[in-house]
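Both complexes shown next keep chain A, but they swap its partner, so chain B is in the first and chain C is in the second.
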Partner chain A sequence: MLRLAVLALLAFMTLPTVVVVAVSFNPTAILSFPPTGLSLRWYVNVVTYPQFQRAAWNSLLVTAGAVALAMPIGTAAALGLARGRPRAASLWATVLLSPLVVPGVAAGLGFLIVGAALGLLRSRSVLIAAHVALVLPFVVRSAWVSVRNLDPTLERAAASLGATPWRAFRRVTLPLLRPGLLAALLFAVIVSLNEFVVSLFISTRLTEILPVAMFTYVVNYTDPTIAALSTLFIVGTFLIVWLADRFLDLGGVFLHHR
Partner chain B sequence: MRLLLTPALLVVAVFAAALSALLRYSVLEFVPGSLQTGGLTVANFTGIMSRQYLGAVWDTVLLSLATTALTLVASYPVAYALARTPSARVRSALLVLTLAPFFTGAIVRTYAWMLVLGNTVVTWPVPMLFTPRGVLVGLVHFSMPTMILLLAAAISHIDPAYERAAASLGASPARVFRRVTLPLSMPGIVSGSVIVFAWTLSAFATPELLGGGRVKMIANVVRDLALDSFNWPGGAAFAVVALAVTMALLAGVGRLTAPADRSP
Partner chain C sequence: MARAVVELAGCTRDYGGIRAVAGLDLVVYEGELLSLLGPSGCGKTTTLNLIAGFVPPTAGRVRIDGQDVTDRPAHQRGLGVVFQSYALFPHLSVWENVAFGLRERRTPRAEIERRVRAALALVRLDTRAEHRPAQLSGGMQQRVALARALVYEPRVLLLDEPLAALDKKLREEMRGELREIQRSIGITTIFVTHDQAEALGLSDRIAVMRGGRIEQLDAPREIYERPATRFVAEFIGASTVLRGRATAPDRVALAGGEALRVLGVNGLRAGEAVELAIRPERIRLAREMGENALDGRVTGVVYQGVQTELTVEIGGGQRLLVFVAEPAPAALAPGQAVRLHLPADAFIRLGPEEAGR
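Take a look at the complex of A and B:
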């Protein structure tokens, strides 16, 4: 009974994904399921559509820029939180995680107003700044989990053996933090690549990232091109999550074990 | 500690600057046909009370309540299985299936529902796409991963010995669930429901695409005002209301669940 309900609910959760993948191989522009044949023409369309090429390039630049900034900033913050007194740390953590609870349209319109006032909307700088702010909470949270599990005596041992603080950090702390930082990187990349609402407000046709370009396409056209692009996104994400679960113990991040 | 936190706090300061610009615009007068603003006014907030916008507020609250209730019912069995399965393989599979849509962005998920609801797979007896019903389905699907994770975390806190004890004393499985498991998982139920409700209040992509302009929630009105009418003050007022309600709800749930988080 429970098993049946769980299977039905999992089917509900995965049904849209299955349909998207199936439709992406549809040979005609009229959507049909199951597909009447197999064709890769929509994948060709994805790769050759100039606006998607531009948006993919923008996505790459914005995500790379945002992650490159957020990773060291977030890691430093997690180390800082661990060194502070618990009460102060939990207060600062609340401040650092607060962007998570802000509705996307509020942040988006806010960044639009500021970006327009500074005359920066034609560059990608506002997009990158917004993405840094949006992925930082994920980086801090993942990094903090590993920082808290760190044994401080190891760093002290390195120091007592003559290592400089920087050397102790590089040779002892950083390697121990690696699983947590990999999880942080994974979150940051996925959140940034998929960010949509805030980016919609602060993008122009020239700076828009892939989700925004996909949105515009869906509103204007009905052919399965977006199904093909979505399939590429889904396959990429699934691979990342599967690898992460194999190597990083996602359950340890999300669930409590006794 | 200070030095290590400074860069992160600068980032938060940039974010706060954007929100304070939003707050400032929400009390500035809108000059039609211009991005310039006039003097101080409360007209943007009183404008929300007008007939056309109040409908969107009402629809948003109703859809959010329905989404929360349906998401809770649909997520509980999956969360229970996830927290209680003895098999590591099943747990891993459930976790990946739960998390995968969590990581598939809003556009991909919503587009997928456009295909399903738009008579591509089956022909629906009643119209689904571009109706509140269709939006509801999309919103429930969108909220399930979050709810499942929060519920599973709460259920995994419950010692299975309590359930075994109740069963050995003669309680039927239904009674064990109703009298032991359900009450003990209440922290997860409350926090999950409030979080899903708060997030649905400011949902954007799902109603925008599955509503097709016919179903408007608060965030869609903000977009229309800001990006179509260039009425940034009007959009800002709506966004400020959404922000205030969301923050209040989530701050409330933070206080409710804080003690539970500290227990081992």
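Take a look at the complex of A and C:
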């Protein structure tokens, strides 16, 4: 009985993925399950569809830009939170983590209004800014944990040995924060690549990122192309996580615990 | 007179309304090992942090070699510091830990090589250069920390309870080793500890601290044999404090009525109230009644192998701590009547407690 319940739960958890992956190999243009055959034609369609190519490029730029900004900001914030006055820290933590609780629709609307007022909606800058705000909570959280595990006397030791504050940060603090920061980076990349709701509000046909392009595609067409792209997305994400866990010493943040 | 190396002049440090160090004056001389000794919260670590430059003083000046360094940050003071937790860099090898200070000084590669090798040899860790700190025992980590702090030949070595994290036997070993290394290179050293045995055994001079001030600054023997205040007498070693009134320049009447002859204590004036301390190892068991002999009753017996600790109650409810060397001359048990002899030259007169404490 228990075994059955566990199996049911397992099926329930993985079903959406299984269905999407199966449908993506369907030779016919209908989103039917189970698939009637095996074909890669929708994958060819994904790769050759111009709007997807453009959106992939946009995704790359937006994610790279957002992560490049969010990492230093989030790390500095985490250091500040861990070392500043406790009361100020809790206030700042609330501000920095707020994107987690603000509904995407509200945030998207806000960014849309501000972006429109500034006349920036044609460029990717509003998208990048929004993604910075959205990934910051993940970066700050992850970095904060590492900073709190850091022995503050290590920096004093570095100072006593003649290291300037910047040198102490470079030679001691940063290397010791590395695993936490890599985890933060990974979170940030995944969150940014998958972000949809807020991005939908502030994208144009020229700046839209992949999830938004996929949505637009589904609204207009109902063939398994989107399932193929989803499958690629799933595989890509898994690959990133697996490689990171395997080769960057994350201390088993993701797949297993050492 | 030896040269002053470290000078604190009127140093005060407040932490949010709490005064950790209160107007401290201290001079540390060339080549000496000075201990800052006191219970936790007495300001000894804060004093060390003021010298190291980790915290700025709220008031007062810090001088090193006659130069005012009060406004100079820690990384420009060129001191060597060993921390209680050792604070070794866990991501660096033993070699890189020791080389850290030299690299910050842009020392040439060959020179780094030579000096690190010598420093590791000094602390007998030449074979562990490639290990990470976590792979070493506590005692070895301690020696790495020492090598790291000494390798660039700092002007002053600051040790913050460096032995506290070690177990007893290792601690005693390291104490000797530390003293030997300090002597051999003759470095001016300031040693923070709450362990009186450590301070007595290691130091040239001890500053006993309490409430952010120095209660007494003297050589270990002076501190032990002539504590200036009741606090010092009770913090360093064991002692019993007797209250009484002087009846003559060499006579004190205790509260219980017993009269004692007191020698070697200055400035007794008939009629004034005095506090006398006596070390438990100076009190003897006596057979006959005589000068400075007191009758009492044993209230506590603690056998300790090398000696037995007795608590004896005399007239007026005053209790005395007595160490009787083993083997004890007689069977001792609670309730037993004993006669004690308090040698006239064994008393220490305690200075009056400062007001406001």
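By definition in this document, the second predicted complex is superposed on the first by the 235 of 258 C-alpha atoms of A that agree within 3 Å, B and C clash if a C-alpha of one lies under 4 Å from a C-alpha of the other, contacts with A are read in each partner's own complex, and residues count from 1 in each chain.
One rule holds for everything that comes next: a residue touches a chain if its C-beta (ideal position, glycine included) is under 8 Å from a C-beta of that chain, and two chains touch if they have at least 3 such contacts.
The structure presented is a predicted model; accordingly, all values stated were derived computationally and were not measured.
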| item | value |
| --- | --- |
| First, second, both or neither for A:201, with chain B first and chain C second | first |
| Touched partner set for A:160, first chain B, second chain C, both or neither | second |
| Of chain C and chain B, partner touching more chain A residues | B |
| Which superposed partner A:9 touches (first chain B, second chain C, both, neither) | first |
| Chain B versus chain C as contact partner of A:151, first or second or both or neither | second |
| Touching partner for A:175 - first (chain B), second (chain C), both, neither | second |
| List of chain A residues in touch with chain C within their complex | 151, 153-154, 156-165, 167-168, 171-172, 175-176 |
| For the chain B and chain A complex, residues of the former touching the latter | 1-5, 7-9, 11-12, 14-15, 17-22, 25, 35, 74-75, 77-78, 80-83, 91-92, 94-101, 103-109, 111-116, 118, 120-121, 141, 144-145, 149, 152-153, 156-157, 159, 198, 201-202, 204-205, 208-209, 218-219, 222-223, 226-227, 232, 235-236, 239-240, 242-243, 246-247, 250, 254 |
| Interface residues, chain C side, partner chain A - complex | 52-54, 73-81, 83, 85, 87-91, 100-101, 104-105, 148-149, 152, 158 |
| List of chain A residues in touch with chain B within their complex | 2-3, 5-6, 9-10, 12-17, 19-20, 23, 31-33, 70, 72-74, 76-77, 79-81, 83-84, 88, 92, 94-96, 98-99, 101-107, 109-114, 116-117, 129-130, 132-133, 136, 140, 190, 193-197, 200-201, 211, 214-215, 218-219, 226-227, 230, 233-234, 237-238, 240-242, 245, 250-251, 254-258 |
